[in-house]
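Supplied in structure tokens, the structure appears directly below.
Just so it is clear, A, B and C label the chains in written order, and each chain counts residues from 1 on its own.
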Amino acid sequence: MKGIMTPRHVALWIAFAAIMLLLPQVVSNGTLRIIIFANFLAIFAMSWDFLSGKTGYVSFGHPFLIGIGAYTTAILSYRFHMPIEYSIPIAVLTTIAGGTFFFLPALRIKGTYFALVTLAFMELIYQLTQVIRPDLTGGTRGISGVKTLLVGAVPNYYFSFLLMLGIALVLWVLARTRLGTALDAIAMNEEAVSGSGLSTTKLKLFAFMVSAAVAGIGGAFYVHYLGSIAPRALFDIDFVFTIIVSALIGGASTIVGPMLGAFFMTFLLEYLRPLLPGSERYLIYGLVALVLYVYQPKGIYAIIADLRDGMRSKNANNSKNSGKVGDGKAA
Amino acid sequence: MTQILIQGFLLSGLYALIAVGFTLIFSVGRVLNLAYGAYIMMGGYAYFYAVHIWHLPKTLGFLSAVVVGAIAGILMYRLLVKRLEGDQVAVEISTLILAVIIQAGIVLLFNDSSKILLPIVNGVWHVGSTTITKNMVMAMIASWIILGGLLAFVKFTHLGRAIQAVSMDPKGALISGIRTDRINLTTWAISGALGAVAGVFFATHTQLNPSMWVSPLIIAVAVVIVGGIGSIIGSLIVAHIIGFMEIITSTLIGAELRGIFTMLLIIIVLVVRPQGLFGRGDL
Amino acid sequence: MAKLLEVENVFKRFGGIVATNDLSFDVEEGESLALIGPNGAGKTTIFSLIMGEIRQNSGSIKLQGREISRMPTHQRIQSGISRTYQVPRPFADMDVAGNIRVGMMPDSLWQMLLRGPDPKAELDVALSVGFKQEDLERTPSTLSMGDLRKLELARTLATKPEVMLLDEVFAGLTLAEIAQISELLAKKRKEGMTFVIVSHDLRSLEPLVDRAVAMNFGRQIAEGTFQEVMGDEEVRAAYLGQ
């Protein structure tokens, strides 16, 4: 929870950025494409995390937001030949506006129910894209031949990496402000936040709009990377699962966590490909996720932090055993 | 018109059956078991394996579905839900992960192509211009019997009343000497078995495939949410609302729009009246 | 002296149960009022009603003469009321300073974004309830019950209230902790804070209040000085009869 950047942190980040920038020199294009996917997944996971990880309002319908962004720019650029530099910003704004319009009423309701409404939204839009104006959305088959922004694995790799890093940086700065602290507090005890004189509706709406903006950016750029979009792959429970699991496995509400998780899960999925070529990979994938989640709900980030703390202070271990109060949820 | 009425009742019966096991867990444990759809799928596959591959009699097919469902329920409670100690968000997330795992497991065992489950009872009846499969009638009758049995079980048996007590006030039940842990375990087993039985009928109605669990899950969720927690009668009514609306939309407007009404109903009811239409209003 | 908080004919029903029945009382500026009564008398309910966590069926609640019944909780806090709970529920993953920080935040997204926390002000609040500087980095799971109550008071004080509603402030505390909290409340009282205090620990409560209101079954059954109220027949019957 500390917001201090030590020189060691700075050094680690610089090293990380340097490795990532040099990577195209050493690895194959195939690997780069995997990393590109991981970068986008990290963006989606960070978007999910800023809403759900922080405030505790779990969204099962994040592809709904991603889909608004992706479809808007795909339709504008493919059907109406709008230049990408206009269609993407419009897509992002549409995601924020559309998402807010639909989700805002849902923020009134509490955790479990919120999750269900979002899930229902995703299924709703999945069915709607197939039947309403298929001349625009392409119906079940979606749209292919969407203009791509860059050509080749290397430029796309650099672009997606920088996009991810930029978003991470913005979210990181936001999380360090008092606003970020207040959002964390909502997950711990929402009543006490309004009991501190803060409008939780306003805070949740802000978290939601940031989350929607990031989802919109990610979705819009992703469709211009892939060049195609189809409802089944997008509004899919496996996709929801991958996003949520990445964020949670990495460590919710940490920014670094969802990035870590996205890379971990993407590579796990890729390394399983030779062993299990089809969707049965999700068996191992899911088991790993489940065991990690039940063992440490705070994710890999917390496990690493625990290990580090454990090594640093083997003998100063007596501070955490007096009466535990306020596990977040009581009454 | 008759067609809508008859098919509406048949489909609603099936939906009520699908929802009842889910309602049970939600009212007792106050947790959303998102792996409930997986019971339905496992029930369908267990029956398929027993009857179509091992050529066992249909009764044994049902029995194997019941056993598989009950065991899945017990394992889920013991290994997962109990550990998470009523943390609702954690239960939701982990049961969702579990559902995806089970889906992948099914792909591994049976591959991901769709399978047709033959009707449990063959034959059709003709009522005017409408054709009714005996299989759907059987599903509806089974649904009514099971629902009636469940109501009687909850009302008249000692165990049933204990389940009800736990659903109303877990702490109070604990103080009155009810072993809530045992009750929870039993409820999870019953819920799993009910889901699996519903799955056999559902699979004969549609078909077997590894992603078949999502739509019955959403129907179950809709029925419970819209009906209101802990209200078996409410669930029954909502199962009929949803069933009829689906039939009406698919006959009058178009089959692709079938599910949209269900989704809209969930969203509108949750936002406007979160306690459900017939609920106790405690959430 | 002006009336700070006025509760007038407040009626609240939960299903068939009447939690507060035509309840009226008021609190003057700088006054400290004890709210006593047996379990289930409706004391916590009236706190929740005043804070807007639940809404009354009828009756009015005024702060400085202004009707607040329609305000959401956070606006009531901004207008100058705040409360503590029987069971302290701090932000579990935040340290003491973080908990106080949330209490001090202004309800403006821009200010929350652009202006950082004020460690000195946080420290001042922490010190004012009897924490030491080194306690600032402790997390709630390492705090004793007494410290948790202090943390609640600190977070509440951080919202700069004019009247504080304290619910069972002494419950679960050791004698030493009771003495510490009493001393703290006495000091705040001297500084002019207005209090409404609920406690079953009548002996600790008595020296902290100017006046008392006794409740039973949601109604007011007695009102006066602490001595008068405790001497009242009906109050004695209510306490003994439970």
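FYI, a contact is a pair of C-beta atoms (placed from the backbone, for glycine too) under 8 Å apart; a residue touches a chain by one contact, two chains touch by 3 or more.
This one's a predicted model, so the numbers in the text were calculated from it and none came from an experiment.
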Most widely separated chain from subunit C, with each centre as the mean of CA atoms: B
Return the chain label for which the distance between chain Cα mean and whole-protein Cα mean is smallest. A
Inter-chain centre distance, subunit B versus subunit C - centres from mean C-alpha coordinates, in Å: 47
Can you check how far apart subunit A and subunit B are, centre to centre, with Cα atoms defining each centre and the answer in Å? 31
From the mean C-alpha coordinate of subunit A to that of subunit C, what's the distance rounded to whole Å? 41
Multi-partner residues of subunit B (each touching 2 or more other chains): none
Provide the residue numbers of subunit B that touch subunit A in the complex, in ascending order. 32, 80, 83-84, 86-90, 92-94, 96-101, 103-105, 107-108, 111-112, 210-211, 214, 218, 221-222, 225, 254, 256-257, 259-260, 263-264, 266-267, 270-271, 274, 283
The subunit C residues in contact with subunit A across the complex are 51, 53, 72-74, 77-78, 82-83, 87-95, 98, 101-103, 105, 107, 109, 112-117, 140-145, 148, 155, 158-159
Given the complex, residues on subunit A that touch subunit C span 1, 174, 177-179, 181-182, 184-185, 188-189, 191-200, 202-203, 206, 319-320, 322-328, 330-331
Which residues of subunit A touch subunit B once you look at their complex with the stated criterion? 56, 58, 60, 105-106, 108-113, 115-117, 119-121, 123-124, 127-128, 130-131, 237-238, 240-241, 244-245, 248, 276, 278-283, 285-287, 289-290, 293-294, 297, 329
